[in-house]
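Below are two complexes that have chain A in common, paired first with chain B and then with chain C.
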Partner chain A sequence: MPASTKTAAFTPSRVFGLWSQVRSNLFLVLVTAFLLLLILVPLVRLILSSFQLGHPAMPEGWTLQNYIAAYALPTFYRALGTTVVLSAVSTLITLAIAILFAWLVERTDMPFRNLAWTLILIPMAIPGVLFALGWALLLSPKTGTMNIVLRAALELFGVRLSEGPLNIYSLGGLIFLDGLRGVTTIFLMIVGAFRMMDPSLEEAARVSRASPAGTFFQVTLPVLLPAVLTAGMYEFVSSMESFEAPLAVGLPAGIFVLSTLIYFTVRLQAPVDYGLGSVFGVTYMVLLLFLLWAYRRAVRYGERYTTVTGKGYRPRVIALGKWRYPALGMFLIYFVLTVLAPFAILFWASLLPSYRPPSLEALGVVSLRNYWEIFSRPHFLAVVGNTLVLMAIAASATMLLAFFVSWIVVRTKVRGRALLDSLLFLPHSIPGIVVALAMIMAYLTPPLSYLKIYGTLWIVTMGLIVTYIAFGTRLMNSSIIQIQKELEEAAYVCGATSTKTLLAITLPLLFPAFAAGWIWVAVHALRAFSIPLMLASKRNEVFSVLMWQYWSDGDVALASTLGVLLMITLIPLTLLMRRFIVQVSGQQS
Partner chain B sequence: MKTFRLKVAVVFLGTIAFAPAAWPQARIGKTLDEIVKLAEKEGKVRIASALDRDEESLVFHGFQQKYPKIKIESTRITGSDSREKLFTEALAGLVEYDVTDVSSEVQEKFIKAGLLAGPFHWRALFPNVDEKQVSPSGHLVAVGWSTHIIAYNSSLVPAERVPKKWEDCLDPYWRGKFIVDTRPKTLTGLGVAWGEERTLDFAAKLKNNQPVWKRGQTEALTQVAAGEYAMICGSYYQSLHRLKRRDPKTKLTIAFPPEVPASVGEALAILKGASNPNAALLLTGWLASPEGQKAYDKIGRGSPFVEGGEKWTLMRNVGAKAVLRQWEDNAAEEALSKKILAVWGLAGGAGRKAVQ
Partner chain C sequence: MRVKVSGLTKTFEAVDGLAHALQGVDFEVQPSEFYTLLGPSGCGKSTTLRCIAGLERPTSGEIIIGDRVVASSSTFVPPNERPIGMVFQSYAIWPHMTVFKNVAFPLKQARPRPAANEIKRRVTEALALVQMEHLADRPAPYLSGGQQQRVALARALVSKPQVLLLDEPLSNLDAKLREELRLELKELVRRLGITTLYVTHDQIEALAMSDRIAVMLNGKILQESTPKDLYLHPKSKFVAQFVGQVNFFEGTLAEESASGLASIATEHGKLSCLVTPGLAPGAKVWVTVRPESIALSRDGNRQEMNVFKGKIVKAIFLGDIIDCQIQVGKQPFRAKLPVTSDLAEGEEIYLHFNPKACVVLQHD
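Moving on to the complex of A and B:
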């Protein structure tokens, strides 16, 4: 580049030109700056902290030794290996169940399919930590209720065991919990593909006298493979981020995964080690970013394997014959395992002064005293208030931000909007535990420490916004595309400003999508665990954190009482969310 | 107009940036009488300690009778994680308590960061407080004592296997059936009696016996009481005492080995910026006094060195001897703690140096 051109870059006219560009795109600049503050600054701070010794707020110098120490630690490799094994095996289990359920619901004459839909959706209402705690009470090797029943049954056959036969505090236990947890999401991801696939190949197989099972494995499944693989990869990434079950049943057994290793290093272990925790966090983030990249590549070429064609006829329904009711029975078993059994044991525990397995003798001490005790605790109302405020603000802020950003990305032609869209997708692959750790690092050190939001409800809210913004923008992007641009243009012609048009025309038209997103974020904020737990202080404690505190303090009864109350709140909200999502799907299809 | 907006912005940002420095500090009395007057005027004290609800009523009862005008708001904090969180919150300018329990791992950090009020002349204000209870810096006062023992479930441990010494934890019979806390306070305490080499050797042998690693005492003891595991090699006497108070029929039993590590389990300090510093001083002084210490003895947190105390009596009966880790040993304790964690292969054990 010639020297004269270089100089020209700094002329007053160029600077003025830049300023006028900033002014004309002020809205975009402000939104981008806010998002950078929200997402990138904490992540950069986390990376910096991984090169520092000491407490992030009182660093003792720069070093590479955090990395050397972390990568020399056998526990790190064990945790990494366990994370991968856990994710891979539980993904296979999840996929197998979800594919079977999707096939039964969409392609067979199984009775009560609407009921089956509800049975498979309700588990979404059960927070992961409660699910794990429920199963900890059911399958503890010695005192677990199911183990006691199994031992009694085995004794009838002359087999005497002093413990087990099952143990939830094991890798197998973790796989069981993770495998069951993901089914609902994967079912929702693949059920559409089952509904809309081109049935001509199946028909051809049938004409060639292939059996129903042969048709399923040799035709249906290969045709749906791209959709299944995409869902599988999504589930694998989700399992890699799993925190609740590994914390509740993995850690007590000394089984670490990456998320619990971070929590252990920066919260539980004494002395805590932020430098090491940051290295684990950065490594974990890089690993998941790589997986996200692979996932997006897989999705990008998805259209090559199109299985949904324009042919307007429904696939033939497969008759199950005598297997119709056993098929429905599988949904009932799934519901019992994911909702009813954990709920029942937690409800039982909530009625006791201290936990003991169900028995006639224990019935004598059953009472509602714990519910009275919970409501009479002065701190409880503050925690309920915090939870509701967090839920409302996180949901509203996430969806409003998503709405504005999606409008910029979809409707405007400003430069950098694609980058903005990508920036918002980034947190999708960052585990909650790493987001929380990054927020701690960022808001304890200048310049963000001057905002003084560490320890308040605001920092938890911001953590949740970072986590849910990717979902919000995906939903709003696809919804804004559905709305005719002419409606907005008509408003401009009538002299309305951009803001007025957005608020009076676009937002009301997007209400169903906005409401669906709002409820989705609200439900997830209500059951959120890793971020509130990591960022918890006396001021910002929420329901799930208080519940965990009781549990880890050995107060199973009070923890269970809170768990039951949380489930009772979440189940109707989840069903309401389904209604709105069905409405949005109806609009978009 | 633009200049006006700029000025408003500068004032606003300046207020945010320098707010902590501008916070008014409450006046602290010079004599006990003055402190009592000011404390009664403050009317309440917010304390964060390891006491649970039942223990609070047992411990604070005497203070409430003596100073009925001062209301105590107590919050339970347990484990090193809650202390670390409290430290981080204090760094961020959140002062939620007037007086707090500062565990040995974070004492130096609190002092170095200037987050504690004082130092105070505790013995001048409260002459009946033992000299050993006051930290060398004068910021902290010991009120509760941790005593490390072996806890076991009597229905799972045969009489001939009842542990009598620490080395009994290495018996292959217990492989995979006993719990060890990953916070190695028991072992660092043993380090005082045994020295580093023997302690690290014991740590390695303990690891080889495949213990079930746990962090935190209450959950671990609950599981031993429920029969999930047989024994905890290194538990707190006070945690076991609490569970026994709650459930007198529990099968949890204590074994005192010949060397019983003891350390300050609850060191109280007044936080800088506390809104009720006089009430906090008064409460701390009372808790450290013989009257307060008797209350602590009732909940298993009394000193094992006070003749006639519960622990002292129990230990004398079996010929066990308490080994005290002193205030000054915190740095050595942290160093040994890291070495033990390294032997166990757990995070936090690696020693590192900054680039100079």
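Moving on to the complex of A and C:
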């Protein structure tokens, strides 16, 4: 901060030096303190609580009892095992589909490649919970629409079943949901490698007398392997964190994963057990931090032999011949499975007074009444209001904090700025459910309990800021770096103060990135599920939580109505936002 | 306005400890003088300029602009309060503003803020100085490199600063435009009579534009002088090499004669040279000769000339001159020949040069 470091002209004593140090960095001190409060305090509190029995506000002394109890529970090991198996198998499925799609889009002459791109991006807009609910309606053993169709088909062959043949409420169902969900992200992570791969590597193999197949297995695949492996590890970690599908279709079948086990322990079971929940939370967090550390190492190792250059050429294209249209068909099937089918069944359910599978007679009672009815429900308007406030405040606060912190990190030479930067990245590696649990622990216990924000919209807002600040600072860091330092310096020598420079030069130049980040956070806040649900009370319910309430109360019609409204809002917003963010930062969101 | 820099040091924290960018820089720029800091990249010339601008805080030392101490151990005036205008290497034209708004920016920072029509008048005046008034409403991203350079200059001059700081302002332009703008810039600052500090790594730019030049290396000023003196009387091998091309060879000072000329023993024979005082007989020295001071001929008889015998290894036709590489014993020489010369590669020839064109430097 060159312009604000003015020292008085008399001899500075040591104390004065320290004070001027603090004063000139007052801003940094304040921002850092706020972020510490926001991130570090809850995490420390969570760890402390795992060593305490009883209600966290009235602990009964320090003890290892929670750990002994937790690690003796068979449920815990079953949940851990399920989490690992679910993540591993669904990652393999995701990878296989994503590699096939990336190869088809980038390296073959498949028609309508742009259409394929759009089809593969849209699922991003569907919140995981809606995806799971849609499939619950399609594949529940007795009334699932697809099961009814399948049973009718099997009857033609003389096979009579009273339920099934498929059951979404099973480990297989979970794997199916998680495996499909991850494809978009992994596709985006590896498609660049497929596109940018230097074709001369393959050509060199060909002129060295390798066959086409030999070239693929000895050159193409090994060259792309680092990208594929890191994407696979990333997907494994994300699957470990998944909460929505395990909640919607795992819990009813008694299948726990770590995230739902925590939710169950501190929100559903009676009486709730915060000590045990904290142990699960700490274990879960440590496990994921370790996995992410391994992931980072792998990425760094992979980057060492990057043969994927930045030139934008389209490499050799492989002719698919008669397989061109079937290839495109696979994208359509993917789109139907991830978007169209769940959306259609939820839409159907939203048109009925109470749920029944699609049939001709049910068509008679179809109406849009639910869409009117929902407005007369108690809380509905309050919930919409909460959601909008949450979106606006979370987005503004996240991006402003990110802007200030990034400016400090990128532009100043203040000591400890690197530490600040990594502190902000920490929550990114912690599952939302653990962040929420840590918030509960911190704001239920003194001294933070005096703020009385437990159970309000504020605690939800803070939880969301904590999870999104990592994205915000990444975006701001890369954008500020792109702004040439001399543009700011030119303002200083033109007589502007540093505040004036921030406002007149830096912020306007950053505006596109700032706006894109704002929209990103707002959209994610709108669909956020695990944190609002963990922190929900009667006073702070938001849209997605209300929807879940209806669903768990058995009111499928109203839950579906909310779900359809949410999807209709999210699909265009998400696609627009993605384009915007890719444009301003060159980053994949 | 005068600029005085004394005992300036600047230390950066680098990955492997401390980097000493400036190690005691002293100089004084007179009012209306065009003063150039010349040196290779990393020599500290830009850091010096940025310290004067207030963009870097000196580790120690004092900077005075006019009568005001702007940087010392107890004072630091931020850049926005210094009476300076600056042109950056990248021009730093703000892309979210038009040409007019870019140039108006410094005026709008003044307190009290000038009236709108006063701002308009002065911006137009500044743009006229650089012949850019017709592009006032153009958005900054639609300017060519040369136009951006002019706008940056107008922005630096609009608030009528006392000191103009120029950080390699011509290095991002193509050769032809650079030559054009070099003259224009020199003419403009001379007309305005503004004290100018110029940073460059291009010796031709420095020689052509400056009243005085300071050659910097490793955070220190090696020599400070007028362009002509610097070229003719370099005080060290580095300066001789950096400012223009030069031939070197080793020798031993034999004796000093009355006329200021001394005789020097080299492996190619005895030479008569101009000597800087202070060298004792028997001292090891470097003898330097500029390529353009060397004449070549097929016979060796010249009065009062130093003569070496050599062989033309290469002769490259460059249009205005012929660039010759000549082997004298094991020592390579360069010479510049007029294009009318008929000497050819492989010929045995004689090199002649005037004793007054030989500069003797202390051996390092």
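Keep this in mind: the second predicted complex is superposed on the first by the 542 of 589 C-alpha atoms of A that agree within 3 Å, B and C clash if a C-alpha of one lies under 4 Å from a C-alpha of the other, contacts with A are read in each partner's own complex, and residues count from 1 in each chain.
Simple rule for what comes next: a residue touches a chain if its C-beta (ideal position, glycine included) is under 8 Å from a C-beta of that chain, and two chains touch if they have at least 3 such contacts.
Owing to the predicted nature of the structure, the values given are computational and were not obtained by experimental measurement.
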Chain B versus chain C as contact partner of A:V272, first or second or both or neither: first
Chain B versus chain C as contact partner of A:M399, first or second or both or neither: neither
Which superposed partner A:T497 touches (first chain B, second chain C, both, neither): second
Which superposed partner A:S449 touches (first chain B, second chain C, both, neither): first
Which of chain B and chain C A:M146 touches, first, second, both or neither: neither
Chain C versus chain B, contacts on chain A by residue: B
Which superposed partner A:A72 touches (first chain B, second chain C, both, neither): first
Residues of chain A touching chain C in the complex: 2-7, 9-12, 413, 484, 486-487, 489-497, 500, 504-505, 508-509
Chain A to chain B touching residues, read off their complex: 53, 55, 57-58, 60-66, 68-70, 72-76, 140-143, 251-254, 261, 264-265, 267-273, 275-277, 354-355, 440, 443-444, 449-452, 454-455, 536-539, 551-554, 556
In the complex, chain C residues that touch chain A: 13, 53-57, 74-82, 84-86, 88-90, 92, 94-96, 105-106, 109-110, 152, 155-156, 159, 165
Residues of chain B defined as touching chain A within the complex: 13, 16-17, 19, 52, 75-76, 78-81, 84-85, 87-89, 91-94, 96, 103, 105, 109, 112-113, 182-183, 185, 212-216, 218-219, 221-223, 226-228, 243, 246-247, 334, 337-338, 341, 345-348, 350, 352-356
